[in-house]
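Chain IDs A, B, C, D and E follow the sequence of writing; residue 1 opens each chain.
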C-alpha cells in the first residue's frame, strides 16, 4: 500500500465519517462545522484525481462562500430558532428515521453493486485514453489548460453561467429582503 | 252492371264514404251530433255495396286491381282491391248490419254528451271494417285489421270516465295485440318464404276459392314447419279477434261499450273478422293447423255456452253466446267447410246483432224507467227484469225470432247455418273416425245448451213478473222508440230463412253455400241431414220446457221447497231426479267453469299482466341499481382512485422526496434484477 | 494509483449520506447541506473520470460549473428558507404543510 | 494546445450570429438590472419596457435567424428548426407572461422580476438548442433557479413562501441526483454531447446495472422539470402557492424547453437497438401511461382551480411524453402540441387570474353562478377547457389527434402492445379529464350562488390577450394547417 | 358554397346574429331562430324534392348528391405521411331522410322553446350551434369532419341540459357527456387506425375519406385494419373486429342500446322539453346513422359476422326498454325508456342485413324521430302547466283537456305501432326483415324476430296503461283545484307544433314510399356491399 493510497483512505474515511456524524448530530452549528471537514476532505480527494484547481475552488467557494453563507443564514434566522433547535437535542446523536435509512442503504447497495460489477469492465474510452496517453498527468499544468478551455471550447457556458450567477445574486438578494421592504 | 261503375271503384267508394264521414265529423267536432253524416255515408255504402259490388260480382266475376305502394329492396308492395265472392259477401254483410245499427244508434245514443265522438268512431270503424273486407294485400289487411281493433278500443272506452270501461278497452286492445302479433308473424313468414303478400298472387283468388291449388301457395310444401307456424300464427290472430278460448277474456269486458256498438262490433262484424281471415288464407293451412283450429273452436263453443248459462248480465249472456257461436264458425273452418263458416257468420251477424239491439232496447228502457222511478239497480241485470213482454211486445217478438234463430229452430236462418256446420262436422268425423266423433257430439250438446241459455234469457226477461211491479203503476214503461224498432224489425226479418234460401231445411240450397261451396273431400251422409236437425230441435224444445218450468213457473230445481213438491207430485221420480241432477250438474259445472274462467283463464291474463308489471318493476330495479349502479360505482371507483392518489400529496416535502426516490430505487432494482 | 472504483465507492457513500440527510433531517438547512453532499459526490465522480479526458477537460470543467451552480442554488435556497422562517417561525419541513390535498 | 488560438477565436466569432437572440437577451438582462436599480423609482414601468424591448429584439433576431441552421461554439450550440420554433414559442409566451406580471404586480421595487424572467428565458433557450449535457444542465439549473426565485419573489404570504421552499428543495435534490447521473454517463462515455457517436458507443458498451442507474438518475432531473410521475409531487403545491402569473409561467414555458431537450435526448438514444434504448422506450411508455392516469385521476377531487390545473398539466405532460415517444424525425406535431398546450394554459391562467381579481379566490366553489355575471369570460374559459379535454373544434383536439396519429403509426409498424395501451389510456384519460375541466362551467353556469358578487366591468389588456388566445384555440382547431403549414414547410 | 353547406352553416349565422343583438332585444331571438330553422326546413325540402332516388350512394362516390369537396387540412407529418382532410359533404338515401327529419325536429324544438325566459340569448345560440352540428353529422363524408361535428354536438347539449334542465340536471348533463365522450374518444383511435390503413387511390396519401375506407381495394397491405388477408391481431382478436366493436360501442351509446342506455332516461328527464325533443328526435338517430354509415359500410366483413350478436342486443333492448317503461311512474321517464325500446328495433333491423330490415330500421328512425319529439312535447305541455309529470297524480284528464287527450292518444297509438301510422311500417318491416333473414341466411334466427315483436305488445301495454291511468276515469288531480284551473287545453301554438307531426305520422304511415322511395337504392347498395361476406 503506497502512501498515496493510504492518504486516499485517510481522506475518504475523514469525509465519510464526518459526513455520517454530520447527518446524525443534533446541533446544527456543530453539523455545519462538520460540513467544513467533509468539504475539506473532499477537496483532498479531488487532488488524488489530479484536479488541483477544482480542489482549490472547492475550498474557496464552498468553505469560503457556501459554508459562511450557511452559518450566516443560521445566525440570521434569529436566536429563538437557535434555542429551538438546541432544546430538542436531548441526545447527542438523534435516532435515525428508518425509512430514510432503508432508502439510503438501498441506494448505496445498488450503487456499490453496480460499481463493482462495472470495475471488471471499464469503459473503452478510458482504455483508449490510456493507450493514447491522453490522460492528465500530475505534471500537467491543469490551471492553464482549464483557462484555455474556458475561453475557447467552453466559452458559451462560461458566458451563460455569468448571467446565471448574476440572476441568482439578484434573486437571492431580493428574496431575502426584509418584509417591510417588499 | 247495375251501376255504371266497376265493382272495384264501387268497393273503394263503399270504403271511402264512412272515412269521409269520420273525417268530417272529426273536423266539425261538437257540431256534428245528429249522426246524419254517418248515416248518409253508411246508407250510400250499403247501396253501392249491394248494387255496385255484390250483385255484379256475386257468382259471376272476380276482380282485382292494384297500385304500387312502395318498394323495399327488390320487392314492391301493392295496395289493391280484391273483389270476389268472399269479400263482396263480407262487405255487404258489414254494410247491411251497420246500416240498421246506425239508425238504431240515433235513438239509442240520443242526448249523450259525447255523441259527436260516437259518430266519428262508428264511421271510422265502418271504414276500417269495409276496408278489411276487400284488401288485396295481407299487409293492407293487417292495417285495417288493427284499425278495427283501434276503433273498437275507442268505442269500448266510449264512456271513458267509467273506470271499468277504461280498463276494458285496454284489455281488449292488449289481447288483440297478442293476436295481431300472430298475424304479423304470419305475414312475416309468408313474406319471407313467398316474397309477396299479394293475396291474388299467393292464392290466385281470381274466381272461386275452389281452385285453391293454383296460386303461389301450391308450389309450397304444405308440411314444412314454417307453414305450420305461419298457419298457427294466422290462427292466433284470428283467435284474439274472434275471441277464441283462451283469448276470449276481452269480449265479455268489452260489453262496457254502448250496446249498439256491441251489436255491431262485438257480435256481428269485427269479431267475425277472424273467421273471415281464416277463410281468406285458408289454403295455407295444413292438417295440423286445421285440427288445432277445430279443437280450439269446439273448446270455445263449449266454454262460451257453459259460461252463458250462469250469467245474469244480459249483455254478458249475449257476449258468451257470441263466443260460443264464433267457436262454431272456427270449427267450420277447421273441418274445411269454410263455406259453412261464412254462412254461419252471415246468419249469425243478423240474429246476434238483433239480439243485442233488443237487449239494448231493454236496457235503454230500463235505464229510463229506473231514472224516472228513482231506483238504483243495474239495468242490465236479468234478475231485475221479468214480464216485460207486456210492456214491450214488439221488442219481445223480435227477440224471440232472434233467439230461435240462435237456437237453430227450423225456419230460421240459424237453423240452416248451424246445421250446415254440425252436419258437416259429423260427416268429417265419420270420415276420419275415432275420437274425432267427439267433435260433432260436443257440438250437438253445445247447440242444446245454446237453446237452453237463450231460452233462459227470454223467459227471465219477458215472462214471469216484473220485480218492481209496485212502481209500474205510477211510472209507465215504454216500448222502444220507433227509430230503434225499425232496424230491429228489419233484422228480425233477415233472421228468417227466406233471405238465405228457399228451402226451409236444406242448407245446401242456400245461395251462399251454393256459390262459395268449399271442396270437401269427405262424402255427404244423407242420414245426418235428418237426425241431426231433429236432435237439435228436439233438444232445444226440451231445454225450453225445462226453462219454462224453472224460470216462469218458478219451479227452480235448486230451491228446497220446490224439489220436495216435485218429489211428491211426480211419479217418474227417478227420471225427474236424474234430469235434475243432470241439469243441475250442468249448471253447477257452468258455474264452476265460469269461476274457473274468471279466476283461472282471466286470472291467468291478470296474473300475466301482474307478472309483466312485476317483471318490469324488477327489470327497472335492475336497471336502476345494477346497470346504472355499475356505471355510478365505476365513476365512484375512479373518484376513489383519485382520492388514493392524493394520499401522496400530504404536504410533506420529505414525503414527496421519499416517494419519488422510492419509486426510482424500485425501478432500478426491478431493472437490475430482470 | 487509486482505481476509479475507489472514487466511485466513496462518492456513492457520500451521495447516500447526503440522501439520508435530505430525507431524514428535520431542519431545512440540513437538507441543503445534504444536497451539497450529493453534489460533492457527483463532483468527485466528475473529477475522477475527468482524469482520463485530457482533450476536452470535460470532467473538470463540469465539476467547476457544478460547484458554481451549487453555490448559487444554495444562496437562493437559503434566501427562500429565511423567507419561510419569517412566515412560519420554523424551518422544520414537517411543520410546513399549508399546501396539500 | 495543438489548435491555434486565432482559429478557435474565429470559430467562436463565426458562431455568434447563431447566438444573436440570446445575446440580445443577455444585454437586455443587464439593461434591466440597471433600469431596475436607477430608473424604477422615477418611472415605474421602465424595467418592463426594457424587458419588452429586449424580447421584441430577440424575437426579431430569432425570426431573422429562421432559415439558418448549424452548430456553433464547439458543438455547444445547436440551431435547427426545432430549436428555432421552440424558442419562438418561448419568447412569445414570455412576452405574455411579462405583460401578465406587469398587470398584476406593478408595485415598486419589482423591477428585478423582469431581469430574472429574461434570465429564465435565456436558460430555456439554452435547453432547447443544445445537445451537450453541460449546457443542458446549466440550462436546467438556470430555469430552475429562476423559477424558484420567481415563486418566492413576491412572498406576500405563507403559502407563497412555502411553495418556494418546497420547490427549491425538491428541485435541488432532483438536480443533485441528475448531476450524479450525468457524472456516471460522463464516466461511461467520456463525452458530454449526447448526440455524438462516442457518447452512444459508450452507452452501448456499458453494463446493465450501471446504465440503469445512470439513466434513471438523469430522468429524475428531467422528470422534475417536466413534472411527470413520480416527480410530479411538487407541482400541485407550487402551482397553488405561487402567484397566478408565476403559475402560468411555470406551467408552460419551462416545459417547452425541457420537452425539447428530452425529445432530442430520446431521439438520439433510441436510434440504436441496445439496452439503454429499450430502457428509454419502456421508461417513456410506462411513465406516459402512469402520468396521464395519475394526473387526471388526482385532478378529479380538486377544489382549487390552480391546483386542478397543476394536475391537468401533469396529465398533459403524459401526452407530451407520448408526442416525444412518437417523435422520430418529424417533430412538427410535437411543436404543434406544444403550441396548443401553451396557448391553452396561458389563456386559462389568465382567466383564473381575472376571476381571482374579482372574487379573491381560486376555489371552484367561489365560481358558483359567476357565469351569468361574466358570460364572455366564462364562455371563453369553457372553450379553453374544451380544448384542454381535446374535443373538436379546438386546437387541443387537433393536437391530441396528431399525437395519437403519430403514435398509432408507430404502433402499426412495431405492433407493440404497450403502445396500444398508451393510446387507450390517452383516450380514456381525456374522458376522465372531462369531469374536472367541466367543473368550471358546471359551477359557473349550472350552479347558483347565494352571495351576490359585485363584478367590476373592466377591459384589461390581459383579457384581450386571453380572448385572442381563445380565438386562436378555435381557429387552429378548425384550420390547423395554418399553423402546421408554417411549422412544417421550413422543415422539409 | 353549395346548398348543403348553406344548410349546415345557416344556424351558425343565426348564432352570430343572436350573439350580436343586445340582450335588451331578447324577444327577437326566438324569431331569428324560427326564421333560420324554417329556412333550413325549406332547403331540406328542396333537397328532398330534387333528390335522384335512383342513385345508391354508400361507397360510390359519384352516386352521392349535392356533393361538395374542398381540401381542408393538408399537413405534412414527415414519416407519418401527409394528412389529408377534406371538407367533403354529400348525401345519399341514408342521410337524406334524416336531414329532413332533423330540420323538422329543430323547427319543432324552436316551437317548443317559445316560453324560455332564462337567458334566451345563450339558449338560442346553443340551440343553433347544436343544429349546425347535427346537419353536419348527417352530411359529412370525411371521417374527420364527421367526428368534429359529432363532438361539437356534445357541448351545446351539455349546457342546454345543464343550465335549462330540471333538478338533477348536473348529474344528467355530465352523465350524458361522459357516456358519449367515452364512446367517441375510443372511436378517435379507430379513426386514426383507419387513416393509416387506407390510402386515397388518386393521390396515394392516407385519407380520412369515408368512401375510400369502404373500398377494400384501398387498404394498404399489412396495415392495421387491412382486409381479411394478413390482418392484425391484438390480444388474439382480429384488429378489424376490434375496430368494429369500438365504433359500434361509440354509436351504440348514442342509440342507445342496453346496457349503455342509462344516460338516456336521466338526460331526458332533466332536459328541458325542446332539448328532449332534439335528443329523442335527432341525437338517437345519429347512433343508428353511424352504425349504418360507419360500422356497416366500413366493416362489412365484420358486420356480416357479428350480426347475430347485434340482433340479440337489439332484441334485448326492445324487451328490456319496454319492461322498464312499464315500470315507470314518471311520464317522461316512461317515454325515455320507450325510446330505448323503439331504437332497439332500429338495431334489430340493421342487424337483419335484409333490405326489409334495413329499410324498416331507417323508417323507424325517421318515424321515431318526430313521434318521440311529439311525445316529449306533449309531456312538456303538461309539465308547463302544473310542473308535475308523475303519472299517479293525474286522472281523467280527458274530460279536462279533450284536445290534448286526442293528441296524446294519437301520438301514443302511433308510437305503439298502430297501422296507418308511421311507426307501424318501421316496426313491421323490421320484424319482417328479421324473419326474412333466415331465408336470406344472414344468420338471424327467427326467435329473435318473435322476441322483437313482443316489444310491440309491451309497448301497447305501457302506452295504454298510461292512457287509461292518466286520461280516463273521473277527473282526480293531485294538485286539486289549482291544477284544475292550470290545466288548460292546448293553445294554438302548441297545436301548430303538434299537428304537423301527427299529420306526418299518418302520411308516412299511409304513404311510406315517401321515405322508402329515396332510401331503397342506398339500402340495396349497402346489402350488396355486405353480401359477399355473408
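One rule holds for everything that comes next: a contact is a pair of C-beta atoms (placed from the backbone, for glycine too) under 8 Å apart; a residue touches a chain by one contact, two chains touch by 3 or more.
Everything numeric in this text was worked out from a predicted model, so none of it was measured.
Chains that touch both chain C and chain D: A, B. Within the contact network of the assembly, the step distance from chain B to chain D comes to 1. At the centre of the protein atoms shown, by the Cα-centroid criterion, sits E.
Among the remaining chains, the Cα-based centre furthest from that of chain A is the centre of B. Counting C-beta pairs in contact, the pair that comes out ahead of the other among A-C and D-E is A-C. Using mean Cα coordinates as chain centres, the one most removed from chain D is B.
Chain centres here are Cα averages; for chain B and chain E they lie 40 Å apart. Centre-to-centre, using mean CA coordinates, chain A is 31 Å away from chain D.
Once the centre of each chain is set as its mean CA position, chain A and chain E turn out to be 70 Å apart.
Spacing of chain B relative to chain C, judged by their CA centroids, is 98 angstrom.
Taken residue by residue, chain A touches two or more other chains at 99-100, 103, 107, 110-111, 113-115, 118, 125-126, 129, 153-154, 157, 161, 164, 168, 171-172, 175, whereas all remaining positions touch fewer. Chain B has residues 646, 649, 651, 653-654, 657-658, 661, 668, 672 in contact with two or more other chains. For chain E, the set of residues touching two or more other chains reads 178. Pairwise chain contacts in this structure: A-B, A-C, A-D, B-C, B-D, B-E, C-D, D-E.
Of all residues in chain E, only 175, 178, 258-259, 261-262, 320, 322-328, 354-356, 359-360, 396, 398-399, 413, 418-420, 424, 428-429, 431-432, 434-436, 438-439, 449-450, 453-454, 456-458, 460-461, 464-465, 467-468, 471-475, 511-513, 516-517, 520, 523-524, 527 touch chain B in the complex they form. Residues 4-5, 8, 12, 15-16, 19-20, 22-23, 28, 31-32, 35, 38-39, 42, 45-46, 48-51, 53-54, 57-58, 61-62, 65-66, 69-70, 73-74, 76-77, 80-81, 84-85, 96-97, 99-101, 103-105, 107-108, 111-112, 115-116, 118-119, 122, 125-126, 129-130, 134-136, 140, 142, 145-146, 149-150, 153-154, 157, 161, 164-165, 168-169, 171-173, 175-176, 179 of chain A are the ones that touch chain C when the two sit in their complex. Here chain D touches chain E in the complex through residues 328-333, 372, 375, 386, 389-393, 397, 400-402, 404-406, 408-409, 411-412, 415, 417, 420, 423-424, 427-428, 430-431, 434-435, 438, 441-442, 445-447, 479-481, 484-485, 488-489, 491-492, going by the rule given at the top.
Only residues 72-81, 83, 119, 122, 147-148, 151-152, 154-155, 158-159, 162-163, 169-170, 173-174, 177-178, 181-182, 185-186, 188-189, 192-193, 195-196, 223-224, 232, 234-235 of chain E touch chain D when the two sit together in their complex. By the touch criterion stated above, chain C contacts chain A in their complex at residues 1-10, 12-21, 23-25, 27, 29-30, 32-34, 36-37, 40, 43-44, 47-57, 59-61, 63-65, 67-76, 78-83, 85-86, 89-91.
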